[in-house]
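Chain lettering (A, B, C and D) follows the sequence in which the chains are written, and residue indices restart at 1 in each chain.
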Amino acid sequence: MLRTLVRLFLSGAALAIACSGAAAQTAGDDDAQRKADLVTAYRILVNEGILDSFGHVSVRSSKDPNIFFMPRAMPPALVALDDLMELRVADSQPVDPKGRRVNGERYIHGEIYKARPDVMAVIHAHSQAVIPLSLTAIRMKPVIAQAGFLPPETPTFDTRAVRKPGDRGMQVTDSARGAALARSLASYPVALMRGHGEVVVGSSVKQAVVYAAYVDINARMQMQALLLSRDIVTLDAPELFTPEEFDINRPWEHLKQKMLDDAARAKVDRAQFGLDQTQAKR
Amino acid sequence: MLRTLVRLFLSGAALAIACSGAAAQTAGDDDAQRKADLVTAYRILVNEGILDSFGHVSVRSSKDPNIFFMPRAMPPALVALDDLMELRVADSQPVDPKGRRVNGERYIHGEIYKARPDVMAVIHAHSQAVIPLSLTAIRMKPVIAQAGFLPPETPTFDTRAVRKPGDRGMQVTDSARGAALARSLASYPVALMRGHGEVVVGSSVKQAVVYAAYVDINARMQMQALLLSRDIVTLDAPELFTPEEFDINRPWEHLKQKMLDDAARAKVDRAQFGLDQTQAKR
Amino acid sequence: MLRTLVRLFLSGAALAIACSGAAAQTAGDDDAQRKADLVTAYRILVNEGILDSFGHVSVRSSKDPNIFFMPRAMPPALVALDDLMELRVADSQPVDPKGRRVNGERYIHGEIYKARPDVMAVIHAHSQAVIPLSLTAIRMKPVIAQAGFLPPETPTFDTRAVRKPGDRGMQVTDSARGAALARSLASYPVALMRGHGEVVVGSSVKQAVVYAAYVDINARMQMQALLLSRDIVTLDAPELFTPEEFDINRPWEHLKQKMLDDAARAKVDRAQFGLDQTQAKR
Amino acid sequence: MLRTLVRLFLSGAALAIACSGAAAQTAGDDDAQRKADLVTAYRILVNEGILDSFGHVSVRSSKDPNIFFMPRAMPPALVALDDLMELRVADSQPVDPKGRRVNGERYIHGEIYKARPDVMAVIHAHSQAVIPLSLTAIRMKPVIAQAGFLPPETPTFDTRAVRKPGDRGMQVTDSARGAALARSLASYPVALMRGHGEVVVGSSVKQAVVYAAYVDINARMQMQALLLSRDIVTLDAPELFTPEEFDINRPWEHLKQKMLDDAARAKVDRAQFGLDQTQAKR
């Protein structure tokens, strides 16, 4: 029993060290920091219900713009630093797979990095907050004060638009579909994907995460308002904002705090049952 | 106090052993594994809110296709291995009741196994995600990428269609109603039941559980989209998939992980209060 | 620290004893059992979100049909055995207040017990699941299999119907309003109250609690279906059931189990912070 | 490990002392009590989901009506007593910033205190329960018994109404916008803010918090009812109430109890991970 207790608190101590380590590096923006933010992003987005069984997040290397980091094919809830693989922007292929299975939809990320030099992070999620809108001819429009980063109309990408005879499925599993999605996204931070979810991009992992969280809220607010009235007020030009006009650190800290509280509970429970990450992943 | 603490951690250890034991057998598909998956299925479906006070899951024997396993009449949240009974496909009657009360709606399972040799697992749930649709003339259609296993229109079964004079209730408590439900289900993986819930079947417990989870999400997405517009996009033929095109292991692992986290919390609490399964079941 | 730990587990042990004590008396139906069920009912209904800051539950005495038990005016989440007061059916006044503040809406209970000798338990709740329906001319109708105890149309009571010049408020704070509500309820198990909530009555505390839980689900299912289509299927005569046709023990056990799991978490937390019920109530 | 355990329980003990200390002062209404209520208000409103990454609460000084207290710019979930700053009603500027960053929307508070001598507390929140209504021409009306404090129609403020050429954004970041919002609020306890949220004011922190909680419930009930029917019943004159007719202590205690239970869980977790408030705030 004592061993279990010791283990429980040691694992807590280890995480605390990991977290304070991450904190110490916040000022920098090297690849170590980008990867740490990527892991945090996974935890936040799972905790917010934006990532579920599927979905993935990537970050471009700070040292080489032709490289991006993305986890192997695995459940989002379990992503850790050593699951990250290095992929090439040019063809979305791994530099060295080391025997690990690469994600089938990595072309979403590679083709967006190729088309958008300004983008440093890409999120693809199956968010249930945006899917209903994506099934209709209605376009997502900015309606809440914090969604001023959205374009007047967010595009909805549909794989059918580029489907060739014999093509199957709705997933973005080759460069052609990835490039088509990147064209839909254009210079925007968000594109919905019909019946599937969304992509959200940012100049940093933090920005993409905060944008993804507000995309969800904006979509729900717009949908609920549309049920009440077809005549709703959307943001106009002076209400849209540039990245410099919106401090993402506050919502990032808020989202991280919520995640840490919730994750702590789950970890303690897992430890008490003798389950650790390795077993869970088997 | 020490005894309580010891008990708390011993029960945790026991579950950990049970879980790793189950893991060791994953490769196989014998009856021990099928029964273990059945118990896990109950926990996942309760955790997802798909099973509540009622609902049941069964699995066909790997040794004898004329036999299936199903728990005695009891709250789904408490089902354990030793609650499973052996029933005959021929008449939905127990091989040997051993004094235990058999489930009143076992005919759902028996008649589907009789009509569908391909089916190895049957779920009947009272899911609140599908009931509203089942009350209308609208049919569930596949709208999300992961619901490509659905037929273009999911049938809604209504006991009234086979009700004889003097018949009462909406439950499927005899072979005639079970056979009628199986006819509605036809060769599909899902049928809704008007005002009642759904049946979901699969070639394995895992497949049926994953399908049931996506039935819920698909129904909610379709309903929300229909409130926005009567003209919504549903999956077309090249977007529907065969079982081989959809890896159920990822969502199964995701759902199990969520369940283990949540269950751990509840168990620890229960143990601290001196309540164990036996007492809870009284 | 050890003292805190000891206290934590002792309080757990005390509850376990209380619970097993309650279990031992389940067979009987004396006032001790009725009061124990009443306290359990409060915990279940708070846990289900049916009771919030307000709302109350009462039970008629098994020894004297002219007496009922109901807690003093207090937050529902904190009700314990020694908060129960004895009130007269005749005038809804306490037999002996012992300095405790009596509930302002006790007339709901007194007048229903007076009009309905078959009723042994009364629940008044401000359930957010039924309030939207109560604001419209739409009547709640049974749509789910487990709501076969509902009448074809559930009445919605409105205090305005009996409001006299100078009367204020919507609460049932005198015998006249209580009697009017009892007349609306007629021989039914449920009446909605416009903009306010509902009353649910039963032949036992357990029955009233299970009915209240299904009233919530039925209302949500009916409302969601009505948004999809104005033409929905409701239960017909052979689908309505008598109390003998519906085993309430299964849902009662399910609801209690959920409550015990959740309550355990909260109590442990509270104990760890040195807060106990007495302090919380101040 | 022992140190961690000791720390865990010491922090629990400290909170218990803080809470009982607060309790001892309940009778009074000095600045110490007002500030303690303000911190409690933050915790309750975060716990209810009314405050998220943004939003703020203030209280007027009991000693000097020209001064109000409000936290520095920070995530609402982390506000503690020593984060409170002293601001002037006259110009919404801090008496002595002590190097801390002041909140950008403090003009909401200052201008309302200036226009409304009766107001002792101001809440500004981005509540997702009211935003959909605020996007339409529909006005919030009182529909539930506990919302009798609302005017027959709650105003919706829109910054556009006072926007000057070159003005950007929707935030209330100067005295002119603050004064315009105060004019919209008029003598009411609530005003919605288009696409943004709401302000709720009260004669005490407790009253404003309880009102804010019922604003949320009322908005959700009204919206859900409007989806069912455009013809809904709203409270009429004899159903609206004065502050004296509504005991806010019961809902305040209920909300605080819920918050303490939930907060306890999170704190224990945080402590076990070696994270304390200071680290979290970095």
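Quick note on the criterion: contacts are C-beta pairs under 8 Å (C-beta built on N, C-alpha and C of every residue); 3 or more make two chains touch, one makes a residue touch a chain.
Remember, it's a predicted structure, so these values are computed and weren't measured experimentally.
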item: Count of contact steps on the shortest path from chain A to chain C; value: 2
item: Degree value of the rotation bringing chain A onto chain D, based on Cα positions, nearest 5; value: 90
item: Chain C against chain B, contact positions shared by both copies (same if over half, else different); value: different
item: Distance between the centres, which are taken as Cα means, of chain D and chain C, whole angstrom; value: 31
item: Rounded Å distance, chain B centre to chain D centre (Cα mean); value: 44
item: Shared-contact residues (touching 2 or more other chains) in chain B; value: 5, 227, 265
item: Pairs of chains satisfying the touch condition; value: A-B, A-D, B-C, C-D
item: Chain C residues within the chain B interface of the complex; value: 5-6, 8-10, 12-13, 15-17, 19-20, 23, 26, 143-146, 148, 217, 220-222, 224-225, 227-229, 231-233, 235-236, 238-239, 241, 245, 250-251, 253-255, 257-258, 260-261, 264-265, 268
item: Complex contact set, residues of chain D against chain A; value: 1, 4-5, 52-54, 73, 75-78, 126, 128, 131-133, 135-138, 158, 160, 163, 167-171, 194-196, 223, 226-227, 265-266, 269-270, 272-275, 279-280, 282
